[in-house]
Amino acid sequence: MEILVASAIGAMTAAGVYLILRIRTFAVVLGMTMLSYAINVFLFSTGRLVIGAAPILDNYAENPTYTDPLPQALVLTAIVISFGMTAVVVMMALGAFIEGGDDRIDMPDDDRIMPDLRTVEDEEARDSVAQPAKSQPVGNEVGS
Amino acid sequence: MLRRLFPHPLLSALLVLIWMLLVNRFAWGSLVFAVIIGITVPLLTAPYWPDRPRVSGLGRILSYIGMVIWDIVVANVQVARIVLFLPNKDLRPAFIVIPLRLKSPEAITVLAGTITLTPGTVSCDCSEDGHALLVHCLHAPDPDAVRDDIKARYEQRLVEIFE
Amino acid sequence: MSPALIALLPFAGALLPGLLIRSGRNVAAFACGTATALALIGLWVHIPAIMRGEVVTAGFDWLPQIGLNAQFRIDGLALLFGTLILGIGLLIILYARHYLSRTDPIGKFYTYLMLFQGAMTGIVLCDNILFLLIFWELTSLSSFLLIGYWRHLPEGRQGARMALTVTGAGGLAMIAGMLILGQIAGSYEISEILASRDVIQASPWYTTALVLILIGAFTKSAQFPFHFWLPHAMAAPTPVSAYLHSATMVKAGLFLMARLWPALSGTPEWFYIVSITGLITMLLGAFIAVFKDDLKGLLAFSTVSHLGLITMLLGFGTEAAAIAAVFHIINHATFKAALFMTAGIIDHEAGTRSIRLLGGLRKLMPITFVIGTIAALSMAGIPPLNGFLSKEMMLYEVDHLDAMRQTFMVLATLAALFSVCYSLRFIAHVFLGPQRDEYPHKPHDPGLGLWVAPGFLAVLVVLIGLFPNTTAGWLVDASATAVTGVAQESHIYLWHGVNAALIMSIIAIAGGAVLLGLHRPLLAAWDAAPRPEAKAMFDATILNFGRLCGWLTDRITNGSMGRALAALTVTVVFCGALAWSTGSAGPITRPMLPVEPVPLIAWFMLIVATGCMVTFHRRRLLALVLVGIVGLIVSVGFAYMSAPDLALTQISVEVVTIILLLLALNFLPKRTLFETTDRRRGTDAFIAALTGIGFGTLAYAMMRRDFGADPISGYMLENSYKQGGGTNVVNVILVDFRGYDTFGEITVLGIAALVIFALTETLLQGKSSRRLRNWVTEQRRAGDRHPLMLVVATRLVLPVALVVGIYIFLRGHNEPGGGFVAGLVVAIALLMQYMASGFAWTQRRQRLPYHALIGAGVVAAAVTGVGAWFNGRPFLTSDYGYFKLPLLEEFELATAMGFDLGVFLCVLGAVMLALNSLSRIARHAGQTVNVDPMDSDPKNRREAEV
Amino acid sequence: MELIAEILISIILVVAGIFGLVGSYGLVKLPDAMTRLHAPTKAATLGVGGVLIASLIWFLVLSEHHASWHELLITILIFLTAPITGLMIAKSNLHLTWLPEDLPQPPNGGQWATFDEGKIPPALQEEHDPESLRGD
Amino acid sequence: MNHWIIAPVLLPALMGALIILWMRHDLFLQRVFGLIATGLLLFVSIYLLWLASDGDVRVYRLGNWRAPFGIVLMLDRLAAIMLTLTSILALVVQLYAFGSGWDRKGWHFHALWQFQLMGIGGAFLTGDAFNLFVFFEVLLIASYGLMIHGGGPMRLRAGVQYIAYNLAGSTLFLGALGAIYAATGTLNMADLALRVAEMSPDDTALLRTGAVLLMLVFAVKAAIFPLHFWLPSTYANAPGPTAALFAIMSKVGVYAIIRFFTLVFPQDSVVETIATDLLLPAALFTLALGQIAVAGTRSLTRMAAYAAIASIGTLMISVARFSPEGLSAGLYYMIHSTLATGALFLVVDLIAARRGGDVWLRLRPAIKNTGIVSALFFTTAIAIAGLPPLSGFIGKLLILDATAEDPWMGWIWGTILITSLFAIVGFGRAGSMLFWKSHTLDPEPGNDTDEGPRPAPGPIPTKLDTDEQIQDVADSASPGLAFTSVFMLLGCLAMLTLAAGPVTQYLSDTTTQMLTPQLYIESVIEQQEGARP
Amino acid sequence: MISSALIFASLCFGVGQLLCLYRVVFAPGVADRVLALDTMTINMIALITLFGIFYDTAVYFEATLLFALVGFVSTVAYAKFILRGDIIE
């Protein structure tokens, strides 16, 4: 059984990782979902695998055995949180799509690249060509 | 007054039953609670069910349910036979149209549900004005017979219950 | 006056112009002048003590943990420099008041100037090298502001940035050097460092520290090869050039070398590095100055040259040389400041500083001529002016060198020769010669305000030259004592008799005059000769450096999410594997559970669905269906492996997620194109496989081993009922043992909904609103939106689901369920209404304020928790009891239920608000809304509006 | 009594299992989308129904736990919802792969709801007021 | 048990909830109550700082459960410092948000602000590893909202990246916690420390893996190379006040590293030096990367973002060895860099607002209030570049001094000092491009329409503004308030400089407390008076 | 006897699941996939119930109830998506 669970965790992780490395938000969201499945199962399995021993106290049973309830509680919290996160990322992906017109996840080049790096003086020279009349310094030449 | 308190008496009864089933153990306290639920929940949800269908004849309802359950069992055997043993080339699927005498949406829904749950038929669509059902038959060498059977066996009874 | 106060006064003065500038320029100038004068007087108060050979110290501990203390000391050296800084500062304040035009923001100028003055004063007065570093860098910063004061001049900005960059870089090197020095000496107090000469020079770190400190000093004092910034700093207003770039700031490097002279000098390293650098600088600066057309350019390079001279003297490492250095510092400050002010006057009155355009000013500006000539002759080293005295001392020291004597003699003479040449040129080409017709302005002598300061300095030049021992001897002695650490008594004479120095001097003067005669052809040759242009090189360096940095940055962080996540993944796998493999894994202790056929089937399905998901992820709806399958199997798996609560939660979250994704997918493209290269997909697949294998292996290894110690959950199983009043241990953990986690968790959910709502609002306004209104769906749509039978069935499902929700809520403490799942169930039921009867119809029928539900949920949970305070217990301490009401059975009430109610409300509100917001986008996209619950009502009645 | 229950449960389970399998098998075997719709909605319904009945009897008669009527509730729920899912999927099929011409027409004229485009009368659309729908 | 310990969590949580419950339509009330809440938070933090100064570690047992079974909050010096720092920054930046009008660019700014503070406070106070995860998520999700506040295509795209990356980080966090729980069977940090110390040396692999993964999680939050990729676009595209508040967010990661690797996995534990071995080179790279980008980037906001990365690099260099001197120098630098980075983002926002949202370093017409804005920029640049006289310089001195004995001393000093020059070059160029330029250029024609509608000055409108050009936040109602808040931050830096001695003393006491975790462990595990049995 | 019947039934439903999976992966149209997913949910309910009998526990009741509800809702959502694109309109 352990080998099944472990390999399932591995498979879901691999799928998740592959998908989050794609360039469209939808695939990334799918990947996140897969990863969160994988991690939830992993976290759950830290209580080790026990079958038929749900941690619901049975006052009538003799020598009842229960599985470790703590990881379950942790996973519950994790599920809820990752749901909230997924909801936000989906909404935001949609927003970015509507605003930006495509659903790529990479930042467009305009985010960080300007045409060419120039010195202040180059910029100013270029500027005074563009607006010859206005670029006279008004600062205060000596001697007026 | 009473009508406002019990917008859907049958629903209230159903909810009491459901609560008792959920609690899974009979106790008067539970029943009291069930009644409270049976009153409040339909009140809360009344806006979503604006008009109450007229329903009459508890006996007719129960016998209808019994008949449908029986038909379902039969249906399953028939469908199983078709699925398992009838070669696809011999299959005679067909669409049939069932003109409706029923007017209330609830009644139409019950009929459509019955059709879907019973032998070899699935309700597929309703006409835009709600006066006919489109039904798909898995294996109907004689579609008209199926239509007449549905009208006689189910619709007639539903007309009695709902009108 | 306390040394600390002296250093503080200029800073206090820096605040005054800002406060007083409304009262007028004179008031601001007067205030700054007063502050400076007070500081100067405060300094001079200590003269008697210093003459007695005392060192005045004061200060307080600032950061004793590392020995950064605000300690000050006044000794001869400090006195000398302090006097220079404050005295010349006073003159500059006066001069600048008249120099700057009406439209210049003079308040700002004085603020910067006083800041600078304070920083310089701090440098010379402080007794702690870390403290010194602070002032040191402050001078760079304030000089940056001063040089760039005329912000409309590109040269000014350029010069300022260049100065900042070079001196800043030097400062950083010096930080390292000083720290090392302090580490070697075991203290950052200058007094102690000066006393630790032997320790310092024996240390293996000595050379490193020396070089680093010297880099700092050389950059500040414009020593070769860092000399290039100084001429460009001359774009600053002339008062600034006179003050910073002749009298004070450039001397900071010299000061530092002088200050640390007892500790650092005397080694071969010191000698070779310092004196040769000084020599080269002296020669190079003088040579270039000969050809400078700009008056200030000429003076700037001459300053470079003279700084080189002083550096060289300090580098010699002998006491006599140190005395000469100190003396030349004084002399240079006097004549060079006077010259700068003269140049400023000429610029001010004639409208140009270009020597080519000048000449013949002797008659037009007689006062200026006299002052300028005296100062220039002193600079040339013509007796009996003060410049001659210190130059002779320099040549004498050169003559008495132990090493490299000839080289130094030849080159020093040559430098002196150039110096004579450019000094005479200053006189000849500006003042002498024929008067011109076309000066840019009509030149005449300025008002008293402008010439009194240089005039005073010119008088000093003469007086020191004639009576060196009376006028300056005491100061030289005092500071030389401080520099060398040994009491010095100098005897400066105009006439030493005929010695090598005098001969060298004569050669220099004669050669300089001859060179001036040949100036015209030489200048032509100079102009024709190719030579490295420092500014262009610096510009290109900085520009290319910037480009390189930009390029590198862009190579590394290129906005690609794939790269970011691949980096994360690879790092995780690598570090995880490293950590695992460097540890030791214990033996397997748990037997494997048998593999049953049905779980095997489920596993197979999961693997297939996962694989298909990767294969078909471009078909987005199919991918969603596959996600659904994976979720289904995971949640059934939870149920199988003894976690019913997890199964419940997983499956209900699953369906809400699917609905969410479907709502989004309505707008998103339905397919993803093939866009990546095979190579990238291959790499990604490799990374993914690696991660999967790694994580799977970790999971397997973990599952086959027992806990290292008993898990804390044993206590929870034991006390869940006894202390928490519930038999569902998971629920008791959630609402009691770890209720605080759950409190955070519902907050997360609530916030998520708020974020979604806020984003929707933003999208529905502004640009995207317009885009949405013009939205055309690519999908062919079916006719009916609200199929009759669906509507009817939903009417029944809603109350049933509500009852189920109530049940799950109430039973949660003892059976699987609880507030969270109940909230989801109710939300799903309401959602069914939305789906079946449509948004508008449903919305009008229920006025559930979702925001308020979220708020109320968080408040309810918090208030339940706070309730425990009244019991004297901490937040979230639960209580429970059994109650009996008439008619009802005995039932249990736990405060945990109040908490769970908060969870319920918050979850319900959050899920509904989120989905509601998301679906509003479609409403906005021009899609119609319904008023009827179903598209076709067979009774042909329309519902009365509620 | 217990033996009878045991036998009964076993029989129901076997029958339910067979129906469940057949339902899923039909999904694979039947030739087109419309016919495939029949298999699961019916057979799986009875399959699950049978299992639930078996469970009901088990907890009524054989279990150490007290009687449980929960299964009845689930059965009700499934029977209530199965026709609707069938209908919705049928409509999807019609929408995706069928043309109205290939279907029998409704008797009173008009069209099947799935194919009826643009049915909202313009007058009703005026009530659209996004602000009023903020859900807040 | 002192209930004030939970106030930094409860106060903002309740205020956030009440804002959405009762005040969601009234910006004025939101401002008033938001300010009151943050102000109270500051008071509480200062009280807690005072409380913690006696050196005791105080425990707050939530639900009155015994440790390690319930969750505990822990108040020690470190937590108190972080809380105080947070509330100072939050209060000041909140004022800026009013003054700049940012808080009316969209919905729920103030509620999210409070929840953000709740998350940060919770993360600093908690003594439970899983609870740390929960509060990380609280602060993250609130930060998502604040990050995309106002919308706009670039900001949303950056927001998607930010979330996606942090989702991956959260996933990793759970994995790390799982591994640690699977190895030790506990989640309480003090109990973890005990169990880690008693761990059999034959079975360390799982625990080591968990510890290292945990470190990576925190490194993601702190944006340490090569896990920094999320930061530049996020910070550069976030609204000014948000970016300023984020200055403390990355410190949460640093805090967590410090907390775990002094308390739970000290150097002599089975985790040994693996953390340090990985951290120091990464920190050096982080610093270099940040400063190179500061010198190379052409956008003002990205410059600020990379400056934030660089400051993290510097900080981590100091922390990486977990030596007493290094930690205390690091803490000093952390305080400095949080306030300085905050100030920098605010100044950048002031500039951007006056340039019509243009953050590129290129010629634009002269801006309003050039004098004061340029002075603020200059001062902030000095602070962030670590030049005297502000605390950045002292912080760097402390760090250099602390690493003087380090075997990597050459690398450390070289990197810190040389890259400082990069910052000087970058900020020098930026400043001269922004302020020493083109006084005379008239506004380009059509520029006004370009800038989009500005919030009207005067009283706060009840209806929220819509804004087409979101990047451009004109300073609206009260630019004075905006300036004041920057002044306040710079004032804090000045105080930090002047009070360097006492502050460093407190910090070195803090370090001593951290490096003797026995006190912490005892106060959690052994003193259990009043707790449920 | 019962346990053999239980194993038989679970195997039947398990194999049924595989067939459904086949239909999800190899389907001519998306509606078929939704149908198969719906069937899977139904089969899951059966499997959980069988499991509950096998371990003689009632703790899985809530799970089956929710599976039923959720299967219905998600199928309707998918179908509405196919039909209209917008599932809440």
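The first chain written gets the first letter, and so on, giving A, B, C, D, E and F; residue counts start at 1 in each chain.
What we mean here is this: a residue touches a chain if its C-beta (ideal position, glycine included) is under 8 Å from a C-beta of that chain, and two chains touch if they have at least 3 such contacts.
None of these values were measured; they are calculated from a predicted model.
When you average the Cα atoms of each chain and compare centres, the chain farthest from chain B turns out to be C. Contact tally for B-C versus C-F: the pair with more C-beta pairs in contact is C-F.
Chain A and chain C have CA centres that are 28 Å apart. Chain geometry summary: the mean Cα position of chain D and that of chain E are 53 Å apart. Computed from the mean C-alpha positions, the centre of chain A lies at a distance of 47 Å from the centre of chain B.
Centres computed as Cα averages put chain B at a distance of 12 Å from chain D.
Residue numbers of chain F whose C-beta contacts span two or more other chains: 10-11, 13, 15, 17, 30, 34, 57, 59, 65, 69, 72, 76, 78, 80, 82-83.
Residues of chain A found to touch two or more other chains are 20, 25, 28, 38, 40, 42, 45-46, 51-52, 54, 56, 70, 77, 81, 84-86, 88, 92-93, 95, 99, 105, 107-108, 111-113, 117, 120, 124, 137-139.
In chain D, the residues that reach two or more other chains under the touch definition are 18, 23, 25, 37, 45, 64, 68, 70, 73, 77, 80-81, 83-84, 87-88, 91, 93, 95, 111-114, 116, 119, 136. Residues 130, 134, 137, 140-141, 144-145, 148, 151-154, 156-161, 163-164, 167-168, 170-171, 174-175, 177-179, 181-182, 187, 232-233, 236-237, 296-299, 302, 360-363, 429, 432-433, 436-442 of chain E touch chain A in their complex. Remark: chain D residues 6-7, 9-11, 13-14, 16-18, 20-21, 23-25, 27-28, 33, 36-37, 40, 44-45, 47-48, 51-52, 54-55, 58-59, 62-65, 68, 70-71, 73-74, 77-78, 81, 84-85, 88-89, 91-93, 95-97, 114 touch chain F in the complex.
Residue ranges of chain A in contact with chain C, taken from their complex: 1-30, 33-34, 37-38, 40-42, 44-59, 66-70, 72-73, 75-77, 79-81, 83-88, 90-95, 97-99, 103, 105-109, 111-113, 117-121, 124, 137-144.
The residues of chain C lying in touch with chain B in their complex are 783-784, 787-789, 791-796, 798-800, 802-804, 806-807, 833, 837, 842, 845-846, 887-889, 891, 933-940, 943-944, 946.
Considering their complex, residues 51-52, 54, 56 of chain A touch chain F.
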